[in-house]
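Both complexes shown next keep chain A, but they swap its partner, so chain B is in the first and chain C is in the second.
And now, the complex of A and B:
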């Protein structure tokens, strides 16, 4: 270190001499204004470099405490300068020196804070007494970089404003994982992470979707915000394929409640574990991929499977296996944003379990599915603000079939829900959105509703 | 005695240097220079100091410079100018994206390269097919996401901000570099 310091003033003097050297020549050229201008530009460049160098020297004593990092930078810089094109302006090229975290010397912080939130107002058209206003989600998270390749990603969430023994709100850790980049095109994750199925689960911030509420298919069938604890590998290729695969915890069928309507609202949502003292005897696996090789187009799909009985003593569905598959396409061209998604799930070996549920309204389903098509049109846009009307048609069934129950004691499969949603998103800027929509159910008109919402992210 | 207090202070000041930010470096400036101007034998640093008039012109073109001053090089072979390489940064969602824009002598985009990326999501902007959309465009083009530049689903903010950054740089060329390089 000490040697480096003593060399710097010498180097500086030499650079200064070199910089001043051409000055009289240029002056002698007299009227050649262009040449003079060029010289001045070059001198200015050299001065800026000198200034940087002086700043670095000032910063150096402080950095000496942390030593190692600075030492590497100082020793590698001249080596790279030597590899530069021969007649390049050497003084101007430290910018091309090996970059640490920032090319342009902007201070890069190791910790980033981010968040999002949404508030909703819902007025059922057939039952105005059920009108409700809710602070649905308040979320913050931080990302902290331990070094250039390793970081922790976190997300903490309050749902419904107040979480206490006498309130219905929830406080939860939604994501908490370590990410380690092995190569620029692949890396590893470990911890509580989002399952990359569908268009919404990984991009669930309110500014990213149309409508006040997340669509039913990616709430009831793919239980967003769906996360599991485990390890995964992810990567991307030059031709536009992003992929990931992992081994994680899965749902817990042993907590299925046949008396509650929850399992009919979202079968997986009612038995998810969210890494809260999760039963983890049976691991699940997932694999998902998106191809985005043509700008504007996304084609992708994924699969999640695992045994979900979790080997509980005396439990009658320890061999039950969940298999959930999903495929989607999104096409964004000019002002149009079109997407479609289909997903289907099955749970095997639930017959014995459902026999014990006879007489209850909600046995465990054998199959459940959903799909939607959606079109949005960015009708107006100015300086980040935009107005986009949209329309979406959805069909979904959370219990399309059950394992056969003898003697007609079983429950009939549910009728498929079919609904239209029409509305508008108004982005005040890309990070703040106001929404309004109307949702009309084709055969369950008591569920029709009018919604207003505010959402933001940063 | 009081000098002892300087030790923890110095250590605290050194912490930011120690905690390097997470960054995936895909390309160095030198690699970007070589990739865009293979035949160049030198890159001359062009310091950027804007006059008030130039600043106003950029504002008017909705191209006020972003979070940091861009670094500009002119690619040369002998005395001949081949074009420009501009390195700049934009914020993706929360973190800086470093990118290099190569322009030919008429200000037409030759290449757009992502040098460093730091976000958890959105690295798809590195896709060659996406970046290729910019090639051939100039300050005359609108260079706006969802208009002449298509989005990548899941990387919207990175796409939008990088597109905005490129639009600023081609305006910088049109308003500042072109007039002064005469």
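And now, the complex of A and C:
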């Protein structure tokens, strides 16, 4: 459906471009000026007619048309986990808006409310006293469309149930941006937005991933949910490429705390700014793309880079540059959902900074990386309900190397964490999921745990 | 039109010039008065008055003791090398012994008022037991205490101030009738001292070798780097647990104290006269000089964590001056529990009387869980002798007044002339 609406105007645009192409040479030749003028007038008329057609198509009340015009097909995304091959592309669109189950009415300004929640229970197998149950996230957001081309997207979150100065929860704004569709195939965003790297960052709702917790690679290395403030341009092409690029704020290396274990849990997670009075001396840029030309297959990747010293006076790593790249592939075929992802980040120029951290357990790393392969099998489904066991193998290292420190006074690079996760997702319906899994670490057995989870979205 | 505006502008300029001239004339009158003072500097601000008061020996019962007598600016505002007594004596005839070792007054401008954190941790305050909440409050005791400047009462102190050579400047800054109200005058004396300590850069120069190292301007030697590593390592010195060595998240330089309190179980120092009475114990937060926390018996024996800046210039260490060298002080941290017989007197059975400067019921308050004093008898100390030497060399990089050419540091260099 979506393709049918988008091909015609694009095809017409391409035809026009080709038609207008020879014009300069014709002018240069200097012959038949009058004929040329007539041709231009005719092309102009055709263009106006074409624009009219496109506007009429946008005004059509069909739900799928509205979704196509705003380039999201998000309304079908919650079902994507349950009805795999048909809308496999929706789940992996870079720059796609969060899930919305209700349909945008383009006739007048429309506000859509959406949200999700997840609760989990964790029982470490080697330390029962650390068993924990937590309301991990309660999220709501709204999308408000001013007209068929412009809307605000927002997402607000409470973590760990209670947020106050003496509680451990957090309340945060995860997304808040304006999106403006310039053409059916590209548009602009400005504000606090998700960085389109990885498979999880933009589609982080509990119904959209396997396992009670988000995988380690996409929390420790790609710090989901990763958002920055800035502007971006996004678009799609008729041969199935969805792309986006932007200029945003970046992390702040002057926040690095060598005494704390946070930097070892997630290097970027410990220095991200989340647009909270963010130091913005050094902008970062990102670019990402996903190709979904073959139904069921998504191949994509992206990079994010920028200087992260933020030019602070007296800071010894003002030239440090972060470069994070990732590549992923997802293949949904029949009842199988297979995916693989690899990501690697580097921070340059941390030598002088780490010299002032000597002896502390957490110097700033030079390189960190992670990768996983995952397979899920939709063993049973009926009327929107489904059961899918899955298995995932991950490896990640949050400090694979450091810049050299003299006299052997540096710390050793971390040992790569390797773990298996096996479990099952049970969807009561496409928007409600119950999960159970067991995570086993190859050489850190005190981290082994059994998890249960509930997730839902609307 | 143009001319009118120009004339108007120049007229207002003339008026401004006349006004400025009148102000300058008034100031110069004040300056002429100041010239007649014995002190050579201009005493037009509270901070400058505070400096005069700080050095004025006539403000004491003996007539020979000023703040600077014990807090020698050239010696990091702590006691100079003339003696290595654990505590100094004061009073009219310099024969009243003190109770606690003289602390350095440097870097106190960054201190905070005493309070309890949400988890019950006491934090902040001035004096070794934190009983003053500001430098202003802290200035009172040394002026009055019988074992210090021994003025005794506000009235005596103010009377001596009114006879000082800069008394006219004091009136000029605080009002002609300031000496008519004793307490008001005394308060302003405290205020002036606080202003001096806070604004004079000689009290907080941040010009040690370590500061230049943090700024990337100088390299530490191999031994200094090893000592620095031991200072930070959580399994070795872990000194930064109470004496943070990293910049604040706002880029501020480290002060090497987290303003908390610790109970080290130091050996009793018999050189302190008050300790002759076996019933006398200096319990820090819970007394005897501080009385508001007497019920907090878990805090008995805890004293303020001081800055380590300029620690290598000290002659005596800890609140009771029980150690005379930095190496010995660090050896105590490292070997207190592995070799207590090196520090405490032995009883009749040859067993070391650990924590003998605390009553028996408060021995459990002593910190025995934090690195490096978390050892048990028979366990190896966390630092070897070589490592202690490396640590001492690193601590020397915290001395103010570093000169890169000679690779030496002297706190006297930091003083404003």
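Keep this in mind: the second predicted complex is superposed on the first by the 349 of 458 C-alpha atoms of A that agree within 3 Å, B and C clash if a C-alpha of one lies under 4 Å from a C-alpha of the other, contacts with A are read in each partner's own complex, and residues count from 1 in each chain.
What we mean here is this: a residue touches a chain if its C-beta (ideal position, glycine included) is under 8 Å from a C-beta of that chain, and two chains touch if they have at least 3 such contacts.
Bear in mind that the values here come from a model prediction, so they are computed numbers and not experimental data.
**Student:** If you stack the two complexes on chain A, which partner ends up touching A:314: first (chain B), second (chain C), both, or neither?
**Tutor:** second
**Student:** On the A-aligned overlay, A:409 touches which partner chain: chain B = first, chain C = second, or both, or neither?
**Tutor:** So A:409 only meets chain C here.
**Student:** Just to be sure I read the superposition right, which of the two partners does A:357 touch: chain B = first, chain C = second, or both, or neither?
**Tutor:** A:357 contacts chain C only, not chain B.
**Student:** Counting residues of chain A in contact, which comes out ahead: chain B or chain C?
**Tutor:** Larger number of chain A residues touched: B.
**Student:** Looking at A:298 after the superposition, I want to know if it touches chain B, chain C, both of them or none. Which is it: first, second, both, neither?
**Tutor:** Once the two structures are laid over each other on A, A:298 reaches chain B alone.
**Student:** Check whether A:151 is in contact with chain B, with chain C, with both or with neither, and answer first, second, both or neither.
**Tutor:** After superposing on A, A:151 lies in contact with chain B but is clear of chain C.
**Student:** Which partner chains sit in contact with A:259 here, chain B, chain C, both or neither? Use first/second/both/neither.
**Tutor:** Second partner only, chain C.
**Student:** Which of the residues in chain B end up touching chain A in this complex?
**Tutor:** For chain B paired with chain A, touching residues are 7, 10-11, 13-26, 28-30, 33, 40-47, 49, 62, 67-71, 73, 87-89, 93-96, 98, 115-116, 118, 120-121, 123-124, 126-130, 133, 146-147, 149-154, 156-157, 160.
**Student:** Quick check on the complex: what are the chain C residues that touch chain A?
**Tutor:** Chain C reaches chain A through residues 118, 213-216, 222, 225-226, 228-234, 236, 240, 246-247, 249, 251.
**Student:** Which residues of chain A touch chain C in the complex?
**Tutor:** On the chain A side, the touching residues are 166, 254-255, 257-259, 312-316, 352, 355-361, 406-407, 409.
**Student:** Taking the complex as given, what residues does chain A use to touch chain B?
**Tutor:** Result: residues 41-42, 44-45, 48, 59, 61-66, 69-70, 80, 83-89, 92-93, 95-96, 98-110, 112-114, 143, 145-151, 153, 179, 181, 184, 199, 202-203, 208, 236, 238-240, 242, 290, 292-296, 298, 330, 332-335, 378, 381, 383, 430, 458 of chain A touch chain B.
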